[in-house]
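When the chains are written out, they are named A, B and C in that same order, and each has its own residue count from 1.
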Amino acid sequence: MYAPIVLLMVFSFNNSKLPIWNGFTVNWYIKMFNDRGIQQAFMYTLIIALISSVVATIIGTCAAMGINRMVGWQKNMVMNITYIPLLSPDIVIGISLMMLFSVIKLPFGLPTLIVSHITFSIPYVILSVMPKLKQMNYNLYEAALDLGATPWYAFKKVIFPEIMPGVIAGAFIAFTLSIDDFVVSFFNKGAGVDTLSIKIYSMARKGVNPTINAISTIMFTTIIIILIGINLKANKKVRDTRI
Amino acid sequence: MKKWIRGITLITLASLLTLSLAGCQESKNAITVYNWGDYIDPEVNNLFTDETGIKVIYSEYANNEEMYATVEPGNVNYDILFPSDYMVEKMIKKDMLQKIDTTKLKNYLNIDDKFKKLPFDPTDSYSVPYMWGTVGIVYNTKMVEGTVESWDILWDSKYKEQIFMYDSERDSIMVALKKLGYSMNTRDEKELEEAKKILIEQAPLVLAYVGDEGKGKMVNGEAALMVAWSGDAMVMMDENPDLAYAIPKEGSNYFVDSIVISKASENVEAANQYIDFLCRPDIAAKNAEYIGYSTPISKARELLPEAIKNSEVAYPKDEVISNPKMEMFNDPSDIIALYSSIWTQIKASN
Amino acid sequence: MHRKSLAYPYLIWAALFIVVPLLLIVYFSFFKEGHFTLQSYQKFLEDYYIKSLFRSIELAFISTVICLVLAYPLAMILSGKEMSNKQIILLLVVLPMWMNSLLRTYAWASLLENNGVINNMLKTLQLPTIKFLYGNGAVIFGMVYNFFPFMVLPIYNVLCKIDGSLVEASYDLGADKITTFRRVILPLSMPGVITGAVMVFMPALTTFLITRLLGGGKVTLIGNIIEEQFTRTRDLEFGSAVSMILMIIVFITLSFMSKKDSLDKGGGLF
């Protein structure tokens, strides 16, 4: 399972382009840091992920709250539409968006990338927040209103803390999805704006290139650290509440 | 929780700021360049920025069709493109290029007359030649008996699963047509049917239909034979001395890639400067040496190291090129659907 | 505050960017230069495209089965363990999901080359080299590797939710382990199995990355055909038609899943 990843990381320090060990080196990392194209791709990837995940979280959370108040055919229809991006193959999402942007003549580049990423992230946010909303006792909110709280205050103090875990999870998923996305970005990119995935793909198409190994090692270690960190925090909370 | 919201808003604002700053910079003093992968010495772009202060925003594509597919819809704006001969022809027909005033390019005079008034741009109004080359067979002398003389060797079952073909309809169909003795520009459906048939026959012998990754694999000894362009052959041979390059006797493709300015470009001044820069002998030589392809500028060729400038691979004698069996592609727009379906049939055949 | 209208921004967004694009694909598949035509669909019926479709279904199916066979035992083991260990192992299984699938597939490409790491090791051990890449096998391998976590998670989820007392009751009534598994556990875990199968089958059916990186151009799946239409051939109408056909297949698969009502019975991913 992890064999290729480990090997990728090991070979990122290999002093040779070939997969035969030839001595330790950090050359590829230096190359990676100096490559303007990679730097730019990295920056764009971060910007797109941040903006798209924030916007998707906001729209998605509001949407979840709104949908929660719907009933019957309205709710069914909205949920079905929400499921479409989730269940469609990413290639179809990618090309359908590309065709839309071509028709309305939206310039390809950051705008199209951000819009596409928001589009496929929102359903995940909604699906993350909805269960928490369902679990929540709506009477608490009404009680707060009865006690004189303004709707916004009641939301802040009653609803929001309850759904927080869902919102955070949703935001996190949106962020990761955006960073990892390749297919949708591939069809909707513009002049000079490449995400890290696209950059890696064009490098990988030319063959094995240890600079890619360097990039991936950094990406993997970052994710491992983040995930371990979250898990430790979660475990700590569980332990704390136990005591 | 308030802290969260504040934090998130700050980050969003910060990124929007960086975005707008980055955006501002781009439009003022920069050109967007779209080129083949591995088709320029990266240093050259840096040198250009150092000398002129114009930033180069650089993207790559794998082949002409991909470039065309990205540029055609009209909502991606590149200033500079590097189409091949037949693609220049197609883009001129579709009014996708701006006229280039070559009198404004002082280095234009360096381009050899051999490369002027080429069939795809007979008045030299839309393109400036960049690099040229041939298509042939790269083979590993340790894995192949004798020398390579004919396209037939790619159908030799002795080399089953040691052959790389290019994942490109034009180039692969060209190989088949040449082997059969037909013109690579034929529109005759019967001839194309024959080509399709033999390519389907060849499929079990082919290890893979590769793109650029084939180069690294050949160097690694992954296969014995590969259809390749002369420039790539130079690079591969440099990294693995066991490799050699041959142009089969049945003839092959001789191509010229040119620099063009897209119609939608608004940075014509800067684009002209870039083109002029690339035609400077020392820069052209630098590029030619790095990417392995052949420069159309004699002064640049003089500056190249002995091994390259006298290489039969990079600079074959004139008789080789002027042999009528060496053809240049013309615009296949009328036949493209047939080509595509032939290619799909071949790829789906196993 | 907690009103329906909160959802309106989303509805506008969804209409614009989910519904309209799909309608565009439908439109392009049926209209060529303004007139209605079935030409694009007819083109698909030509022999080799159908071949590609069947090959895609075949490979996706094989990959799904392999994933199932590998994932089920793992999920069973995981659902039986103690608290702390479980977390870590679960994390390890899920972790690759968070990593870029492009990179993971590419990693295998360099390993499996004829002159790659594995074959080099075989050479030094005087063993014959194996041709891993450039074929159906490599693509299946890529699919299994990429989508394996998607099979494990739903099955694990549903196994956890099985009421332990049911299993105990079965033992009390004299059934041995195998019968218990066959009659109690397996049926109850079906929703998770179905979800997992769908979550593997669908991306496997529609991928074009895996074939590009591992298949060596020798395997043309339906995803590759669609991609080519939009990036090389520019036959938008035909590409849309093929996408429509793909969507229909996805739709059929999904309705199969919802028949079993698995999402509600806890077979989901979360």
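Here, a residue touches a chain if its C-beta (ideal position, glycine included) is under 8 Å from a C-beta of that chain, and two chains touch if they have at least 3 such contacts.
This one's a predicted model, so the numbers in the text were calculated from it and none came from an experiment.
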item: Which of A-C and A-B has more C-beta pairs touching across its chains; value: A-C
item: Per Cα centroids, the chain farthest from chain C; value: B
item: Centroid spacing, where centroids are CA-atom means, of chain A and chain B in whole angstrom; value: 35
item: Inter-centroid spacing, chain C versus chain A (mean Cα positions, whole Å); value: 19
item: Where chain A touches two or more other chains, by residue; value: 18, 204-205, 208
item: Of all residues in chain C, the ones touching two or more other chains; value: 113, 115, 230
item: Numbers and ranges of chain B residues touching at least 2 other chains; value: 211, 217, 220
item: Contacting residues of chain B [partner chain C, same complex]; value: 63, 65-66, 68-70, 72, 161, 167, 203, 206-211, 217, 220-223, 336-337, 340-341, 344-345, 347-350
item: Chain A residues touching chain C - in the complex, by the definition given at the top; value: 1-5, 7-8, 11, 18-20, 59-60, 62-70, 78, 81-82, 84-85, 87-93, 95-100, 103, 115-116, 118-119, 122, 126-128, 131, 138, 141, 151-152, 154-155, 159, 176, 179-180, 182-183, 187, 197, 200-201, 204-205, 208, 212, 216, 219-220, 223-224, 227-228, 231, 235
item: Touching residues on chain C, where the partner in the complex is chain A; value: 1-11, 13-14, 17-22, 24-25, 28, 87, 91-93, 95-96, 98-104, 106-111, 113, 115-117, 120, 145, 148, 202-203, 205-206, 208-209, 212-213, 223, 226-227, 230, 236, 239-240, 243, 246-247, 250, 254, 270
item: Chain B contact footprint on chain C (complex, rising order); value: 46-49, 51-52, 55, 113-115, 131, 133-134, 215-218, 220, 225, 228, 230-235
item: Chain A residues within the chain B interface of the complex; value: 17-18, 37, 43, 46-47, 50-51, 54, 101-102, 105-110, 156, 160-161, 164, 190-192, 194, 202, 204-209
